[in-house]
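In the two complexes below, subunit A is the common chain; its partner is subunit B in one and subunit C in the other.
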Partner chain A sequence: MDWLLRLWVLQPGSMATFNVDDGYLEGLCRGYRSGILKTTDYANLTQCDILDDMKLHLAQTDYGDFLANESKLTPTLIAEKCREKLINEFFHLRAHAVEPLATFLDYITYGYMIDNIVLLITGTLHERDTSELIEKCHPLGMFDAMATLSMSHNVSDLYHSVLVDTPLAPYFVNCLSEEDLDEMNIELIRNTLFKAYLEDFYHYCQTLGGTTAEVMGDLLKFEADRRSITITINSFGTELTKDDREKLYPEIGFLYPEGIARLAKAEDIEQVRGAIDYCGAYRNLFQETSFNADKSLEDAFFEYEVELNKLAFEQQFHYGIYYSYLKLKEQEIRNIVWISECVAQNMKSQINQYIPIF
Partner chain B sequence: MAQQGRLNIFPTRMALTGMKSRLTAATKGHSLLKKKSDALTVRFRGILFQIVDKKEKMGEQMKEASFSLASVKFVAGDISATVLENASSATLRLTVETDNVAGVLIPNFKPYTDNSSTQELTGLAKGGQQISKSREVYLKTLMSLVELASLQTAFLTLDEVIKITNRRVNAIEHVIKPKIERTIAYIITELDEGEREEFFRLKKIQAKKKRDIKAKEAATLERATEAAAKLEQQKGTILDEDEEEEDEILF
Partner chain C sequence: MFLLNILDDTDPYFWAFIGVGLAIGVSVAGAAWGIFITGTSLLGAAVKAPRIRSKNLISIIFCEAVAIYGIIMAIIMQTKLNEVSELVLDDYYAGYSIFWAGMTVGLANLACGVCVGICGSGCALADAQDGSLFVKMLIIEIFGSALGLFGVIIGIIMTSNANFD
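After this line comes the complex of A and B, so read on.
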């Protein structure tokens, strides 16, 4: 019994010891979370007629004067500045984190690292100057070896000198060889890497145990299923074969293994619907899209994701809140960009198609 | 105003016929050019209306295209870096054909796709549908742009040609034909004058001849009367003498 108690107490996320290492950061994260824009803020933003009005309204939220020095406002600029703020917050959290939270936060960044690496591989394949590409990379996904990138001029160099030093090396080793990098379509590479990453992240969360494993498990399973469904639907009518497609489905997720097997054989959207039918949540999502013509499946997925992420904050003493916070802020940035594009292009009729969060 | 000159030629009848044939040729040329100008103007107006129509539609299409790009940004984030890096060579290209309209060569742009896009898997895991919809909308807009470009080059070319043709029509109508007509008038007047001169000369000669004849007749008559008078005189004297020489006079 004693060892049971100790096990329970010493797990990360156990109530007794959590605040020792991670209490300050949890407080900080919840503070950031309360600064996420509410429906009243969105109501104000949608009433704006020009981008300067939006700047005024945003100044009253947590964003403050982040647009103060900008003369010419464009939606792209607003997106960039919002993202900059989010990245600063994340790096602040990361800087103060200790193990195991530090590793957890690093795992979150691997997703962006994959996107950056895919961009670099593409650039190298087309013989572009890789140092220019570094500016276009996502800041959350930077890794140390990027400085040596200008030295590699073909994919082989890139693989041997740069990629093996990144934390993503295991994903490459397990499923992608050097020849694959040259031949495979770049999107297939991206999705293969992401599948390996999701599975790895999931297993890591399971080792952390406790509430973290539970909360992150749900979130990552949903992400895996969502990717499987989206890949299936988007691959209809393209050159992607069913076998190749099957290799991209992550093996975590509520749909594994029966749903995945059926998805692999699906040829149109009705068969997809049939494949996911046994999963109540996804069935509801599909039904929502069939009732509402304006809502696409992507919108339904975004909404469900927001719900799941909100739920993460209901529990305490776990790491899921950091992941959820990042995802919710990203959704907020997407919403702000959508509203600013509608305002800039004078398409007020569609302006309410953002996903409300709180 | 046009010069009040005429062509410098020697006024003969052959020149007159030459000038007359030139006049008919100029008239024919004038009517042909006028027909060409009218045909081109009709085509020009048609193109003008089409251009106005297309430009209005273009505004709408660009708006739609920008909006579809906004929805792509919403779902898939900023994919511009990925798309740019993946681009290798142009998939949509143009060939230029020339159409012949009433003798005018007008260029026409025809688009064709070079190779199928290797980027059709972009957004496979996120936003693929929005991306393909956006691609379609932009492709449609691009096709409209190509048509608009064809129409505008046709417009400019036709404009040039119509100006040139109208200049020629006006030149024939206001410069060449009047000149030829004046030349013809001049020749005719010269010929008429010559005829009149001839006629006058003839008349004068006739009159002189008449006078000459009259004078001759008068002279003859006078001589005759003189001779007769002389004879009478002689006869008188002879009669006196000849009362004894009656016998001698009987012949």
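After this line comes the complex of A and C, so read on.
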């Protein structure tokens, strides 16, 4: 009878043992989540006439006096400061995390690392100045060898240092070789790496098991499907062949394998609509865009992503809240940038096109 | 085979003392389990919502109560442990009854401690988001802590006739 207890209750990640290592950070992350701007905050922000008013309103929220020392406010500056606060919070969580949460948080940063590496590759190919490239890199995706990476003068060196120094080596090794790096379109490289990363992350979450696997599984499947649909739609009218396109679709997701096979053959948006039709959620998203001329498919995807990420907080004792918190804060930063741009350019008519979160 | 007589030959004091140990030991394990589950969530949530600090100590107190049930039962049971010069049938009864009462109380308190701990953790996190939820979640915890009480009641009934004369 005791072994029954041990079997079910003491599984890693189960309710009874989760708090030993991760209880404090879960409470902390939920505390951060309660600081996400609400509809009342957005109502205040949309009524501002100048950026200084926005600074006043933001000072009363969780952001506090983060703009206190800035004299000249611009939307880019506000976005940068918001992002800085988010990154400080993320690194605080990462610093306190132990395994397996530490690996999970590292996996979240790999996506940004891929963007940074693609940026460095492009820069190296066009012979840009390395220090200015590093400034443009996303702070969440920094890794130690970044400086040496930018020192490499040709793509071959870059490839070898990436293989040795970054945790992204498996994604390069499996799908790209050194020759590909030179010839392939940079976007193809980015998408191939991201496909490998998504699949790897998904399988890692499945090994964690329990609620984490369930919540993260849904979130990552949606991300994979979103990328497949976006790649398909963006490839109409370009020289990307259907075979190449099919190689970019991640093999996880609600659309895998049937929808993906149909997407691979699609030639216009009606065929895309037909391909995803059997998935109720995506069918609704496409219908929303056809009813509402203002709303693009991208906006519909963002809205649906916000819904999914909010749901992650409904369950306790899992790691999905860290991923969801990051995504929701990024959406909040996009909203703040949209509102501040509308305020700065005095285009109040479109100011309500942000995506409300709570 | 000597194994066939093992239950006959074991001294009833062996069973009785293990029973007392189980009552207190496993109850304290349950209480400790509950306290760390609640405590870590409370610490994390209190960083951004310091107002929850004092109220949510009630959850910790409910977990502590589980350990107190264990102590009470252990004290009651050990007062029945007198030294006898010669073992009679009643003593065998006493030995078994104290052992299984201890097991009952211990396991009931273990489950109760874990239950109150997980509820308390949810209560702290919910209170940090929305203060009006606290009292409702406390009622759930009260029901949870009744489980330990059930164990104690049954334990007392089981050992009421146990006596080492």
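Note that in this section the second predicted complex is superposed on the first by the 345 of 358 C-alpha atoms of A that agree within 3 Å, B and C clash if a C-alpha of one lies under 4 Å from a C-alpha of the other, contacts with A are read in each partner's own complex, and residues count from 1 in each chain.
Operating definition for what follows: contacts are C-beta pairs under 8 Å (C-beta built on N, C-alpha and C of every residue); 3 or more make two chains touch, one makes a residue touch a chain.
Everything numeric here is computed off the predicted structure, so don't read it as measured data.
Under the clash rule set out above, the superposition-derived model of subunit A with subunit B and subunit C shows the two partners fitting side by side. When the shared chain is aligned, subunit B comes close enough to touch A:119, but subunit C does not. The wider contact with subunit A, measured as residues touched, comes from B rather than the other of subunit B and subunit C. Within the superposed three-chain model, A:105 lies out of touch with both subunit B and subunit C [touch as defined at top]. In the superposition on chain A, A:146 contacts neither subunit B nor subunit C.
Judged by the touch definition given at the top, the superposed model places A:79 against subunit B, while subunit C stays out of reach. Of the two partner chains placed by the overlay, only subunit C lies in contact with A:32; subunit B stays clear of it. Using the contact criterion defined above for the overlaid structures, shared-chain residue A:216 touches neither subunit B nor subunit C, since it reaches no partner.
When the shared chain is aligned, subunit B comes close enough to touch A:194, but subunit C does not.
In this overlay, which is a superposition and not a single complex, subunit B and subunit C have their closest Cα atoms 29 Å apart.
If you check the complex, the residues on subunit B that touch subunit A are 63, 66-67, 70-71, 73-75, 77-78, 81-82, 85-86, 88, 118, 120-130. Subunit A meets subunit B in the complex at residues 75, 79, 118-119, 122-123, 126, 128, 133, 136, 185-188, 190-191, 194, 227, 230-231, 233-235, 238-240, 248, 296-298, 302, 334, 337-338, 341-342, 345, 347, 350, 353-354.
Residue ranges on subunit C touching subunit A, taken from their complex, read 33, 36-37, 39-49, 114, 118, 121-122, 124-125, 128-129.
On the subunit A side of its complex with subunit C, the touching residues are 9, 15-16, 19-20, 23-32, 34-35, 316.
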